[in-house]
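Scrolling down, you'll hit the structures one after another.
Shared between the two complexes below is chain A, which pairs with chain B and chain C, respectively.
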Partner chain A sequence: MRNKFDEQLDLLNIELIEMGSMCEQTIADAIKALTTHNVEAARLVMETDNEIDDKERQIESLCLKMLLQQQPVAKDLRQISSALKMITDMERIGDQAADIAEIVTVANISVENLSDIVEMAEATMKMVTESIDAYVRRDLELAKKVIVDDDIVDDYFNKIKSELIELISKNRDDGEAAIDILMIAKYFERIGDHATNIAEWVEFSITGEHKGS
Partner chain B sequence: MRQKIFKSMGVLIAASLILSYVLMIGVMYQQLLTNMEKEVQREVTYLRSALDIAGVTYLENEIVKDASNRITLVDQDGTVLFDSMEDIKTLENHKDRPEIMDAFNKGEGTSVRFSTTLGQQTFYYAMKLNNGMIIRVANTTDSVFSMITDSIPMFIILGIIVLGIAMGIARFQTKRIIIPINNLNLETPLENDVYEELTPLLHRIENQNRLIEKQLSKLNKRKEEFNAITENMREALIIINKRSIVLSMNKAATEILDVSREEGLERHFITISRDNEFQTTVEAAMSGVSSDAIIMLNNKYYKIMANPVCVEDTLNGCVILMLDVTEKQRAEQMRKEFSANVSHELKTPLMSISGYAEIMNNGLVKSEDVAEFSGRIYSEATRLTNLVEDIIKLSRLDEDNKVFEQEEVNLLVLAEDIKERLLPQATKKNVELRVLGENVKVKGIRQILDEMLFNLLDNAIKYNEDGGKAGVSVVKENDKVILSVWDTGIGIPKEHQDRIFERFYRVDKSHSRETGGTGLGLSIVKHGAIYHKADIKIDSEVSRGTKIIITFKTI
Partner chain C sequence: MDKLVVEKLDLYYKDFKALKNININIMEKEIVAFIGPSGCGKSTLLKTLNRMNDLVEGCRITGHVTLDGKDIYKDMEINMLRKRVGMVFQKPNPFPMSIYDNIAYGPRTHGVRGKAKLDDIIEKSLRDAAIWDEVKDRLKKSALGLSGGQQQRLCIARALAVQPEVLLMDEPTSALDPISTSKIEDLVVELKKDYTIIIVTHNMQQAARISDKTAFFLLGEVVEYNDTEKLFSMPMDKRTEDYITGRFG
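Now for the complex of A and B:
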């Protein structure tokens, strides 16, 4: 006999994966918007951000309902509380992807000379995908890998920063574009941090120990 | 069953207890009554003799007064003369009493009278004395009902004790009956040694067992067949139930989606792939509509087909099939590129022809220039013809139909022949041609082999340097024939080597016009090689030369 609680837990799991895949999609669209100046993709990112926000509220109310009505303990409680934390990070990822898309639509940036930011975007995207994968598969190793991989994205950010400084010192006219690119890089760096958080919560839901705390 | 046996035993014991109690009371009462009657009769007989001898005064005797039975003496007219228990004055005339009447008439009489209020019965026995008076003795005992009511408490106590003991035994007995039934081995029913009455049942179970075994092995076999099919197919097969849970995935599915069975089975289908297209396709199928899409996973294209499974109009899940269509997708891409290229290549000479023709038509060309213009038109037309011919050759090779006639072709002789044909071009470019090797025959189509070799040697001359060398060598090595065409020409840069066999691919795009090629030559060579199941390899270095090696398998 499947009881209601099991059904709710399954539903939570599915909803979380759906939200995760929305995040993946929105980052992919943001990267597409950035590399190809595709305004349509940028618009899609902002739309998806709203959907992600809705999803967050939906999952949040489901979690609270479960906490109040079922009073879960041990592993179940861990799963629900980590879900509550994960959706916050996912929602932030959606926001940041929307921010990137906004900069892309407003500013005139050419990333052709900056292959590093594209690589950074790919690395961030990989982190998000892997953190969701780690959740789906309950894969502790993969979660740990994501946490370690955050350094790669951080390194990219520092590299891009120094490249931009050089660019500005050479040609002051590019200053505005440089600042925009720096913002985008910073957003990607933040997305990487959120992916790390998700991975940490995955780790917590499996082991019961949280690295950040 | 145990309960039932136990219960019926209990009922049996209780019933027999009550029944035996009632019967016993009856028998005992009867016995008591008979004894009492006999005693009364004896006493009457004794009293009569005594009265006959001693007269009425005998009744004054103490013994009579103390007697437990009531003794009455009745006169001939019915008046009571003596009573051992009552005052005679209070007693009425006894003439009507049945026992007295009987005694007057027959000499003796009996009667029994019940007093329901006291729950007692009185037995009377009367006898006629010699002097005509009647002596009567009465004995009062408890009636059968009061006997029953009096003994009920005793009976209940005894009953409980007996019932307790009997139930204990009943329990034990029930257990003994049940144990063999509980211990029945239903795997091999006929080997049990129990009640005869169970044999038909056991036989039936045995038959059922055999039937089940048979059907099970049949099912297993079919399952194995099914597994053998699904596990060995290249297409992914996924079955999902109506709650969107993955029920089954074959090996190809786990490989394509990169999930293990443990991760995928018994979970929501979102766990096996988060791809958007995948989700929408499966969801469409789950709403009852067959749908398909092409999705990209790990740089490969897959066609996904999801079909709902309906049993009697209710949706029970869906079946998903995934096919690798990467090759097809690429072929499609190539075909698109090819048609675009063909149109372009055809258009260029046509534009020149129509341009020159237009100028001539407008009379803008001086008569001395007509020869040059028509020469250009002619050369462009030739180019066009060559191109169309090449396209026809290629499409014929593409079709892969076996209309060509297979024959044994001596490659060395063929090479010599082609060398002769290309000699004018070679001398024009000052290239020295050499043909070396053994007389080796391969089975193939002369026309295609001729075309291949011609194209290769033609290229070797075209892309050569002034005073260079080019040649063909034919060598037999074990069961292979190696045909190589070499030159000391300009060579092909590494990055282009993979692509030179593509249709319309040019290494040097700017000079292609000058050499007059169609861009299809090497493509024809490659398709010819494929047609002959031969291997084709390229070995080239820029400004050193190129060597193209074709390895045929001998028959």
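Now for the complex of A and C:
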């Protein structure tokens, strides 16, 4: 019953998982580019950003096709509308990873300033991974955990900001690098927000309640 | 305010229990949709609401149906009930007479005389049923010459002519094309200002579009009765979910 629709929903799931893993990979590459100052990794992040954009359009078109052909209701409608919202956040994650990569290619950031930001980046990547996992497994508890974990990333951001203020006050010559690091930290903080949004849409697709709205 | 209340209603066709413990409150000036697979009892309940089952041999009803607090099976004369609770059927069924006489039939039966008064009722009913402009120049022509969609709106006008309070509609658009369907749907939403409407439909999008509340029937029971938006976005019962998402069976 409704075989074609079920196939389309399966395809949507597969595509979303794929887009999610592209996001995870691109954040991992951005971290690599940052810590090793690897320009090749940075270039890869920017390339992946384009692929993520393409994937967004592909999934969007699949969702619109299903809305048109299948006129979904109840959990089907929630799944499709959540997918449409989630891909916007995933696309932004790709953009922000690319923004980080772009800074890495032009900035002169020394590794000793980076321990907190690497931890922050890892915490952010975990949020993204878990938000996608929560969707795949329809795991409400995991989605809620991601929403709570956003505070960890926010705390890192505030900590890094304070450290950078101190750094600049000690040595004004470090100002430019400090601001670059602050921007990178801000991009990671935003990625954390997008992962939170994804988790909130996972929650909606399971419960019909959207906490963020 | 509750207009119609169905309480602990069971209906038997001889030994077969066609409706089981139905409890539904219908508020005044609300549109309520009945959905469910064929044979689930939704049309049976609709007919029960203006005692159309009375003449069905072997039909037995227990429980209560009240209209404005009065039991329609005990405290109400059947002609009065049918005047207050009108019905529109699946297939347009105009009488083989003029458009005018189709509409005038009900009021005349209820003792309305005088051309001016009848003219007023006919114009108002046809206007309310959104068909006046299409038929005003041919009121004396046969109603059978109208298109299917026009015939159905004529039947709605005929039902409105006796100034009912509740309108029962049994799949009123299932025999119509999309344009006529859309006109009837607009009309139903418009009529909500003055009437309480209960509509049986197999078209779930239609129920979602026009009704305030929806009842899902299965095997003679109301599985779920809730605000339409809630029922179609977050159904409480898995059977409702399976049916509305097309995975039933």
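The rule we apply is simple: the second predicted complex is superposed on the first by the 209 of 213 C-alpha atoms of A that agree within 3 Å, B and C clash if a C-alpha of one lies under 4 Å from a C-alpha of the other, contacts with A are read in each partner's own complex, and residues count from 1 in each chain.
Going forward, contacts are C-beta pairs under 8 Å (C-beta built on N, C-alpha and C of every residue); 3 or more make two chains touch, one makes a residue touch a chain.
For clarity, every value in this text was computed on a predicted model and none was experimentally measured.
Student: Do chain B and chain C fit side by side on chain A in the superposed arrangement, or is it a clash?
Tutor: Chain B and chain C fit side by side in the superposed model.
Student: For A:Lys75 in the superposed arrangement: first (chain B), second (chain C), both or neither?
Tutor: second
Student: Return first, second, both or neither, reflecting whether A:Phe5 touches chain B, chain C, both chains, or no partner chain.
Tutor: A:Phe5 contacts chain C only, not chain B.
Student: Looking at the overlay, does A:Gly192 come into contact with chain B only (first), chain C only (second), both, or neither?
Tutor: Touch status of A:Gly192: no partner.
Student: First (chain B), second (chain C), both or neither: which does A:Val136 touch?
Tutor: first
Student: So after the superposition, what angle do chain B and chain C open up at chain A's Cα centre, nearest 10 degrees?
Tutor: 70
Student: Using the touch definition from the top, say if A:Gly20 reaches chain B (first), chain C (second), both or neither.
Tutor: After superposing on A, A:Gly20 lies in contact with chain B but is clear of chain C.
Student: Is A:Gly208 touching the first partner chain B, the second partner chain C, both, or neither of them?
Tutor: A:Gly208 sits against chain C, while chain B stays out of touch.
Student: On the overlay, how many Å separate the closest CA atoms of chain B and chain C?
Tutor: Chain B and chain C, overlaid via chain A, are at closest 18 Å apart by C-alpha.
Student: Flag every residue of chain B that touches chain A in the complex, lowest number first.
Tutor: The contact residues of chain B facing chain A are 259, 263, 268, 270-271, 274, 276, 279.
Student: Spell out the residues on chain A that touch chain B in their complex, using ranges where they run on.
Tutor: Where chain A meets chain B, its residues are 10, 13-14, 17-18, 20-21, 24-25, 132, 136-137.
Student: Which residues, counting only chain A, touch chain C once they are in their complex?
Tutor: By the definition above, chain A touches chain C via 1-2, 5, 71-78, 207-208.
Student: Which bits of chain C are touching chain A when the two form their complex?
Tutor: Touching chain A: residues 204-205, 208, 232-235, 240-241, 244-249 of chain C.
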